[in-house]
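Both of the next two complexes hold chain A, though its partner changes from chain B to chain C.
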Partner chain A sequence: MGSRIRRETLVKWAPLLVLIVLCAFFAAMEPRFLSTRNFARILIAASPALMVAIGVTFVIIMGSIDLSMEGTVSVCAVAFAFCFLWLGGTLASWAWLALPVAMLVGAALGFINGLVHVKLRIPSFMASLAMGFVGTGLAMVMTGGDRIRIEDELFRSLLTERFLGFPLMVYVAGLFLLVAWFIQTRTTLGRNFYAVGGGEDLAIASGLNVNRVRVLGFTLAGVFFSVGALLAVGRIGIAETATGNNFMFLSITAVVVGGTALWGGLGGVWNTLVGVLIVFVIGNGMVVIGLPGYVQDGVLGILVILAVILSTDRKSISFVK
Partner chain B sequence: MYQLNKVDKKFPGVHALKAVDFKIGRGEIVGLVGENGAGKSTLMKVIYGAYQPDGGTITIDGKPVRFQNPRQAMDHGIGMVFQEQSLITNLTVMENIFLGFEKQFVRFGVINWAAMAEAARHQLRKVKLAIDPATVTSKLSFAQRQLVELAKVLTLEERIEGDLVILLDEPTSVLAKEEVELLFSLVRELTSRASFIFVSHRMDEVLELSDRIYVMKDGEVVDVVTHDEANIDAIQHKMVGRDVDKQYYREQKQRPYDQSRSLVRFDRVSLAGKYSEISFDLHPGEVLCLVGTEGSGREAILRTIFGLEKPSTGRVEVKGKPFDRANAQEAVARGVGYVPRERKVEGIVNGMNVYENMTLSQMGNYASNGVLRIAEEKALAEDWIKRLSIKTPDVYKDCGGLSGGNQQKVVLAKWRSGGSDIFLLDHPTRGLDIGAKEDVYDMIREMCDDGAGIVLVADTLEEAIGLSHTILVLKDGEFQKRFDGSPGDKPSLYDLVHHMI
Partner chain C sequence: MSTFIKDFIEKEKINRRNFLFASAYGLGGVAAMGALGPGMARAALTDPTIAWSYRNRTNPYWNEIVSGGEAFVQSLGMSKDALTHLINEGSSEKSLADVKAILAKTGGNLALAIDTNDAPNARPVVEAVAEAGAYVSTLWNKTDDLHPWDFGDNYVSHMSWSDEGPAEQTARILLDAMGGKGGVVHLGGIASNNPAIERLNGLKNALKDYPDVELLAAEPADWDTQKANQVMSAFLTRYGDEITGVHCANDTIAYGVLEALRAEGIEDMPIVSYDGNPQAVQLVSERKILATVFTNPHWGGGITAALAYHAAIGTFKPSEEPNAHREFYGPTIMVQPDDALEFKANYLDSVPTYDWTDFWGPSNGPIVYK
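Our next item is the complex of A and B:
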């Protein structure tokens, strides 16, 4: 019993511990790592990925997986850019409507994704992967391969305007993190995610409409992907097909490293925050101490395997497919 | 030649085998009978090496042996023909027959398929099955698969010097009458080479085939009878003979039920392959118990009432309204609560705490526009923790960490607090210790007093008799007989068993 409790405590706090150790390590190697400027740099890079990772966290808690993020982010970014420019090209005009439009596009893509998974009974990883490719293709068709510049100063203030040393987009991400936390802990939908992930048979035997929960989960994920897309555009001022690149590996890695179990039912948005920070601290720290960038991916890969080893009670699982 | 001496096996909370003596001679067919949970399958598993006994010895021809796994048992000539078909259906017949023993056909890392096919044909001839060994197993009928299973075990003949012991676990359950005859004549022929242990709940078949019959009850061998002395009635008495404690099942608290209303009505309802032409009424305050062996259709009836199965014919009414477009949500909305057998799978969500589990089926009552009113949820949980004296440090405790009895109380609290008045209890006391069982019995009486109707599939026959107002006996999906069980006028175990098998 004692060792079991210790193990659970360890699993619960291990990600945070890893994060602190990493920070301490990089700080020891290079004191400049600890500066506000550097932390701001980490958080700016992490904000869009955090949004995408939170979206996929909900889906993973349900025991499914959503791999459509790259396509969804690209489509949302491009749709936002077109809409924004068409409506006037500055937030001070009606162009602010482009923000909710982008979120609706994200929700719609997530909704379709969920329907394909649930109604056609296609495993979620396949359905969402395919939807992701459709999204990437769609974004390409919409832009014809061009980059769309968003030069509105008001919109770019997400990056340029700083408060206490951190740009506005960091606070926006923080706000959506709180919204996600609220959904997770305080709504029936959040509770249903855990029920479906913790025991689907049981959720059915308790009279839950599991299919509805699934579709809503994917829809919600789509909304968070779109927020990630908006922050990504705000960060570099460009919307293009490539806006969505890399989000899949980053977000899934972050969720797993943060301690959310891949088979569902365990974890949450705070885990994901820690996971995202771990991923970006490693990326930033390696640059700061002068290691080549490609070492990063290798280290992250090893970290994912370690995280899964640590969080799995392998004795209770007889087969892994 | 093969002998178990005072073999003992304990599981947490259960003494599954109590000093069991068992022996089988060369060419003998031995039957093994007993109620569900009497210890038959544990005994089988000890024999074929899946379990290691905690005490006692196993000897073959007087030499003690100890098997760490089924493979070692096979090396000593002991093979098992599984009741659950153990063939891998996407492989061919010959691949299944030699699964794990392909090495004999391998030359330089490549399998010689022709040689394997020839060897498989030889095995199939032993069971008189004329099929191409390259057939994919899923194309075979159940009877053919059963014979392939037997052929697979018979490969022991070539591999092992000496005697074979072959276990047949419910081999006839999926077979038609003629197929059973065929299997039996085959088994009799094969006794020239092997001894058989035959487990079945079809008493007449055991009597017909076996030279000797072991009767088990509560983990003990209570009798051994020879073929000539065997008598169905006597064996059935031995299987169940036990004193029932009226106090234990709270019979003094049993009240008559309200005959004027019907909560659930089954009118000649059938579900293809599970049960047929079942009719009954469930009244407020009634405990209706479905009794039968495994596969008699009990669980399927519960699942139908909960909307998880769609009946093929007949009419189901829940609270006077037809139940045509049934699903679990509709059932819950009409006040049906389901306490499934697999508590870990369908009863409580591991990782969710006490109040989250309790409100799982009724979250709508604790939410405004999708936002949960958690304070109310906690108040509800605290109230029920007190009412049912659930042992948990607080409402935040992960339900997976509670004891089985307390988990069951949480499940019952979930449905009761949600206002359910039709309860489907599938083995509600399985795996609970005695104190927890008594708590569950108390709760069942309480729920009846509140006007709820309960459909029960009990863990033991005594429990069924002790708790129920009405007992329906089922056999192979067909209704056999109805018993009334008012206190002091309960049917005996023997009455029930007689109609069950």
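Our next item is the complex of A and C:
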């Protein structure tokens, strides 16, 4: 009994341990890694990806998967940029409305994604992947392949204004992390995600409208993708079709490394935070200690496998698919 | 104003004049041939289908290439839909299959411009075209042992770009701006891409003349703005104030670098890039970037189609041209702060009307094999 508790405790805290060990390792190799300025750099890079990863966390807790993030992020970024420039091009005018508009676009895309999955009975993997392609294509059509620059100093203060050494976008990401945590633990919807992911048959037998929960889950994911898009535009000052690039790999890796199980019912937003930090600490740390680029990808792959081994109790699952 | 652009425009004028003389002479030639009877007009095709085979149009670079092809077709008095698009979506197999299909459909009455997607695919494509009696000009990809002059007239020409020289020039501009001392970092393209390798080599060549500048690091940023942003941030942690200049493999990388620096409040770092995208040219005019290199894909796409077409209808006979007119480098134009606005007005805000029979004027010398 005693060893079982230890194993569970270890599994629960393994991602955090991995993160701490990684930080200690990089700090030992290069003391400058531990500076506040470097942590600010890591958090700037991680903030958009954290939002996207939180979105997909809810879907993964339900036992589904959402691969539409690259397309959704691109469409939201481009829609925001067009709307923002059309309404005046500065946050001090009505252009601030572009922020909620972008989130509505994200919600709408997620909603359609959920409907395609539930009503047409297409596996979420395929439905969301296809929706992602639709999104990328849509962003391409909207921009014609051009980049749209967002120069507004007020909006760009997300990156340029600092409080206690960290730019505002880091605090915005932190705020949405708390919102996600609230949804996960304090709302019926949040607990229903776990019910669906932990045992769908049981959830249906208890009278839960599983389809409704699923559609809402995808919609919520879409909203978080759009927040990720806004932060990505805030970070680079450019909205384009390529804004969504790489988010699929980053966010899915981060969720899994953080210890949220791909078969659903386990994990949560704090796991995702730790997972995102692991991925970005590795990315930053390897450049900081001077590892060549081709080694970095390999090391990241190995660390993903290691993290999954450490953070999930393989004996407790009956099959792997 | 830079003498570079002045020279370039001057060169174009002279070439145009030469062409007028040449075409007058050519018309005389045609008349003479007519006098000798129809038996002489053997190789030339009449009204061949003009086709461009390329990856896809969603990529801005290829979009520019194909817009040049369309401009050429329009210059012949046809609608731009007269250009047949063969889209290979990055598949060499599809590229070859498309070519064989259109050869069969047109019975060899074809003028083809093509990037064969990868170098080994160029040979089967060229062989298929030559066998059908059609005409082909290639862009970018071919193996070093494949030459137009080995195929008589049917393999008209090959154009490519060498980025090493121009990248070395931008590097020199950067190193001079750094005062010939300090530390430089390079953010590259996808490590295995040829342009990425050539652009880094350009920097390394220039560095030989600047012993007091240290190449602190060279990391791939995969032609990606966000990746470049992260790599530059990490460089700032590792090297901090040691970095006094940044050499970027292309414009999209430079955008990410600029934003990483802006996040740290660094506004005056010397940066150079490559490709001459409109946004980068704007940044050059604001002196945020010190230099970028424009390769004029619009002209490249148009002239490749024009070469195949004019060889096909017999305007010139490829086998009578020197080798330098059959394998040559495409144009490169250095854009620097003093001439950026003028360049933008001449090349980007309005696309210049090119003389599509000035085949070699803006080109950049014969291809040299290492």
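To be clear about the criterion, the second predicted complex is superposed on the first by the 310 of 321 C-alpha atoms of A that agree within 3 Å, B and C clash if a C-alpha of one lies under 4 Å from a C-alpha of the other, contacts with A are read in each partner's own complex, and residues count from 1 in each chain.
What we mean here is this: a residue touches a chain if its C-beta (ideal position, glycine included) is under 8 Å from a C-beta of that chain, and two chains touch if they have at least 3 such contacts.
Just so you know, these numbers come straight off a predicted model, no measurement behind them.
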Joint occupancy of chain A by chain B and chain C, clash or fit: fit
Touched partner set for A:287, first chain B, second chain C, both or neither: second
Greater residue coverage of chain A in the superposed arrangement, chain B or chain C: C
First (chain B), second (chain C), both or neither touched by A:149: second
Touched partner set for A:188, first chain B, second chain C, both or neither: first
Chain B versus chain C as contact partner of A:12, first or second or both or neither: neither
Partner chain(s) touched by A:32 [first = chain B, second = chain C, both, neither]: second
Distance in angstrom between the closest Cα atoms of chain C and chain B, superposition on A: 30
Contact residues of chain A, present in both the chain B and the chain C interface: none
Partner chain A, residues of chain B touching it in the complex: 306, 308, 328-329, 331-333, 338, 340, 345-352, 356, 360-361, 363-364, 367, 370-372, 374, 414
Of all residues in chain A, those that touch chain B in their complex: 186-189, 191-192, 194-195, 198-199, 201-209, 265-266
Residues of chain A defined as touching chain C within the complex: 30, 32-33, 35, 37-38, 41-42, 44-45, 140, 145-147, 149, 159-160, 167, 232, 235-238, 241-243, 245-246, 280, 283-284, 287-290, 292-294
Partner chain A, residues of chain C touching it in the complex: 58-60, 63, 191, 217, 219-220, 224-227, 229-231, 233-238, 240, 252, 255-256, 259, 262-265, 279
